[in-house]
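To keep things clear, I will list the structure first and then write my remarks on it.
Per-chain numbering from 1; labels A, B, C and D assigned in written order.
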């Protein structure tokens, strides 16, 4: 069964897992997976609650270090990053993440975006201004906030906050962007706007997105992986998953018979 | 940038603190400390202030009790230890290491709540009261009110002197113990039937009845001639092995008229120069020929 | 062959160094606190034990005899019977807790169940203010108001355990109350709603549900208050009477561990038996505060089960 | 009796008890303020204290209290920040952490007189620092440390994990994340905790009698050299604080107006504590508002 999980897309691979499994204490939450994610594409991870798709996602940039034990390999830039030798801070700079709940810092919009940049040593005001504008444009937020960059980020609406989080994440120029149900806390209009943003970002970023929303997965993603109870059942082009799934379970799920 | 600024702040702060600690280790010549007896504290404090102002030096004066003062001067951690007692009267201090400087005399007077209706007692009556043999004021001509004894704390200089000069070998009956002059004042004033004893300076309060003993009035003059028998020296001890010029000069200043005549009178002590008798460690009193030696 | 990216990914950066430094710094500070606490306990214990090891006092005598006269030697042993002080400390503490608890509960229930948000906003700071009133001030008030009151009611001197307990009550009551309020507000609203939905009156829901659920928290609060009362020094000293006598009634002068300690330590010479005996009193205080701590721990453990 | 009646009676009883306590508190406060402020002219705040004559003030004592407070906070805030951060962010669940927590609880329940005597024995006598502000500040640190540490720990714990993840996911080091993202958010809680503990420090006397001492050398406020003995900034000088002064006036006061001064000093003390409390709430709320900035 595992063999059929692997697809080698006709694209350059950005990141891939090899027999990666995750344990919470003694409990095995995610069984060995082998997935490779194509560069500059959006891959959706779908599955019911408890299917370990978020666990999988968070393992990719080692956000699970403190809470779980991850075995197997994660290959990125030609090395296995699931190793204690890897500098996780550097890794996370290259593999950014956007979370379920918008989580802007209690700082101004401008500072939210520049905080990590300044930490990396970028001090030049002009460069910073330029990156702020680029990132906000990239996250389709620029027009809404350009006159209020000093305003507290917490004063923004939920949808704006989430796009700010995306802008913040892309400001440090990661190669991969992990999105953990980024639209689940948003209203339909904000969701639409967010999806639009993601489509645009695809030109420059590899994105892996966990979502509960079938339509969203169908609309935005190029590839889709279906998770169920800690295992990957199917991974294919999104169109195949939704129109012609190979596994019955996948069909039942995408047609909404459980979930 | 912001960060490095903060670092400087911290570094400078730590520097100041360590420097402060270091400077303490070699406490400079311009400052000495006197610690000990709370009874002597007001006098030394005022004198230290006057002397310090005049000569641009600092003399720190601390209370803490005679025991504290003697311990610390014996250990050499302070320059002067103030004490209400002879060092030999305290256990556990190497007396041969210390030098005695007597700076003043304190008279001690029995005080009662005015309600008891007694203004004079004989020495024997006083002793019997504190020994617990007389328990009602009517036995000494006062009202029908039971006697309430209020002692000073064990180890207090005032208590030691009172028991040496009044009780002799008789031991006192148990009673309340108050550790400070202030509490004694307040309690005697407020409690019917209460009797205690205070240094003269603390006894001049409305609501406190000072007692005469054998019709001798508790006055300074009577103390100087030992007609009033309850009194003690106030001592300032220095350590033989630790000499400091400032200490010496300050002790000399305490013997000058500015202190012995003006300050001492103002604060209710009795000048050591006025004494016409000497009392030894065991409480024996002998007349003195003119000119008190050291 | 490693490329640049791989090199960056596998070599330590500024962040790595910061992590190590940050963790080390906070760990050192945390260890410092351990050292400090152990030092306090160790020093007091060593000083306090001297009475028994060096001066040859029998521990049992120390705890049960009532003659406190460390200077004088009787039958070859110094007289250090600390029973009156130990008993005095316990009595004032218990009595203070007994008076304070009903009032704390009343205010706690009022604030968590009856009062409006506005009233709470007013009451809280007032309570906090009273934890900030210096003990000296309370002692002073006790001396000029409560002691004379006791004297007119009960006769005698007016000093003793009762006035001490009353002063302590005023001192510990805000501490207990604010912890009780926390315990009561921590009971989920759904509990109350469930009770009310079943037709219980508000009082029934408070009495049968809320108070039961909050019992461990309330107990912790009371013990906390008692620990504070046990260790309070200056205020008690001013109203307790300071005579080392077994208390014969609630208004007979006696002494507590702290009152004896504060009033005598300055008069004694380091290393003498009088001084050692006082450090033994301090040790008793320390052991008691450890005991109160243990009690709180045990309650907390029970709550988890 | 039916349940409704019991309900009404219970409510009435509780209300009565609350009223009794409120009246009691108001009486205590009123008594202190009225007796304190009616007998003395307010300018006694700016006068030096006198050992034996009437008309003394509390200028130096007030300054000492404040300076001691500042020093104690300078020592205890960084320490409790470090310990609080360790407990909330780093500490693994092991014996060391459990011991640390237990010891902090023990430290918080130590009687102040015991701490004072320890500080006296170790700092004043063994290390020969002498009666000094710094010895007093260190003694006060013992009280402050456990309270502030647990306040700070709780403040950190109350922050949502999403903030930590946000910082870490950007490649910040954990330390930078704590310092730059979490710390600013708990500043209001820290300030409130610090101000409230200041009130307690301000009124503490038992621990200071044998550490910072019972006498206040006359200070020369023009002398800013922290090494000179009469400089107010010198940390090695003995310093009687306001609370100790009140205690001493009551126990050894020689001045004829000792009662009046002690009552007035008590009133001043209470007012200062009151100001601390009010400002704690005010600043806490203001900062909270500013940070969350719901405009």
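Just so we're on the same page, contacts are C-beta pairs under 8 Å (C-beta built on N, C-alpha and C of every residue); 3 or more make two chains touch, one makes a residue touch a chain.
These figures come from a predicted structure and were not determined experimentally.
*Asks:* Touching both subunit B and subunit C, which chains are there?
*Replies:* Chains that touch both subunit B and subunit C, as defined above, are D.
*Asks:* Please identify the chain with the largest separation between its CA centroid and the CA centroid of subunit D.
*Replies:* A
*Asks:* For the pairs A-C and B-D, output the one whose chains share more C-beta pairs in contact.
*Replies:* B-D
*Asks:* Using mean Cα positions, find the chain sitting nearest the overall protein centre.
*Replies:* D
*Asks:* Could you give the separation in Å between the centres of subunit A and subunit C, each centre being the mean of its C-alpha atoms?
*Replies:* 53
*Asks:* Can you work out the whole-Å distance between the CA centroids of subunit A and subunit B?
*Replies:* Once rounded, the distance between the two centres reads 80 Å.
*Asks:* Just give me the whole-number Å value for how far the CA centre of subunit B lies from that of subunit D.
*Replies:* 34
*Asks:* Using mean C-alpha positions as chain centres, tell me how far subunit C is from subunit D in Å, no decimals.
*Replies:* Roughly 17 Å separates the two chain centres.
*Asks:* Multi-chain contacts in subunit A: which residues touch at least two other chains?
*Replies:* In subunit A, residues 89-91, 94 touch at least two other chains, as defined above.
*Asks:* Note the residues in subunit B that touch 2 or more other chains, in rising order.
*Replies:* 38, 63-64, 75, 179-180, 183, 186
*Asks:* Among all residues of subunit D, which ones touch two or more of the remaining chains?
*Replies:* Residue numbers touching two or more other chains: 125, 171-173, 176, 209-210, 250.
*Asks:* Throw together a list of every chain pair that touches.
*Replies:* Inter-chain contacts occur between A-C, A-D, B-C, B-D, C-D.
*Asks:* Residue numbers of subunit B touching subunit D in their complex, please.
*Replies:* Going through subunit B, the ones touching subunit D are 13, 16-17, 19-21, 23-25, 27-28, 30-31, 33, 35, 38, 41-42, 45-46, 48-49, 52-53, 57-64, 72, 75, 77-78, 179-183, 186, 201-202, 266-268.
*Asks:* Show which residues of subunit C lie in contact with subunit B when the two form their complex.
*Replies:* Within the complex, subunit C touches subunit B at residues 69-71, 143-144, 147-148, 151, 157-159, 237-238, 241-245, 253, 255, 262-275.
*Asks:* Help me check something: in the complex, which residues belonging to subunit D touch subunit B?
*Replies:* 51-53, 74, 125, 128-132, 134, 209-210, 213-215, 217-218, 226-227, 229-230, 234-238, 248-254, 258
*Asks:* Show which residues of subunit A lie in contact with subunit C when the two form their complex.
*Replies:* So the residues of subunit A in touch with subunit C come to 76-79, 81, 85-87, 89-91, 94.
*Asks:* Quick one: which bits of subunit A touch subunit D in the complex? Just the residue numbers, please.
*Replies:* Checking each residue of subunit A against subunit D gives 61, 63, 89-94, 96-97, 99, 101, 103-107, 115-116, 119-120, 151-152, 154-155, 165, 168-169, 172.
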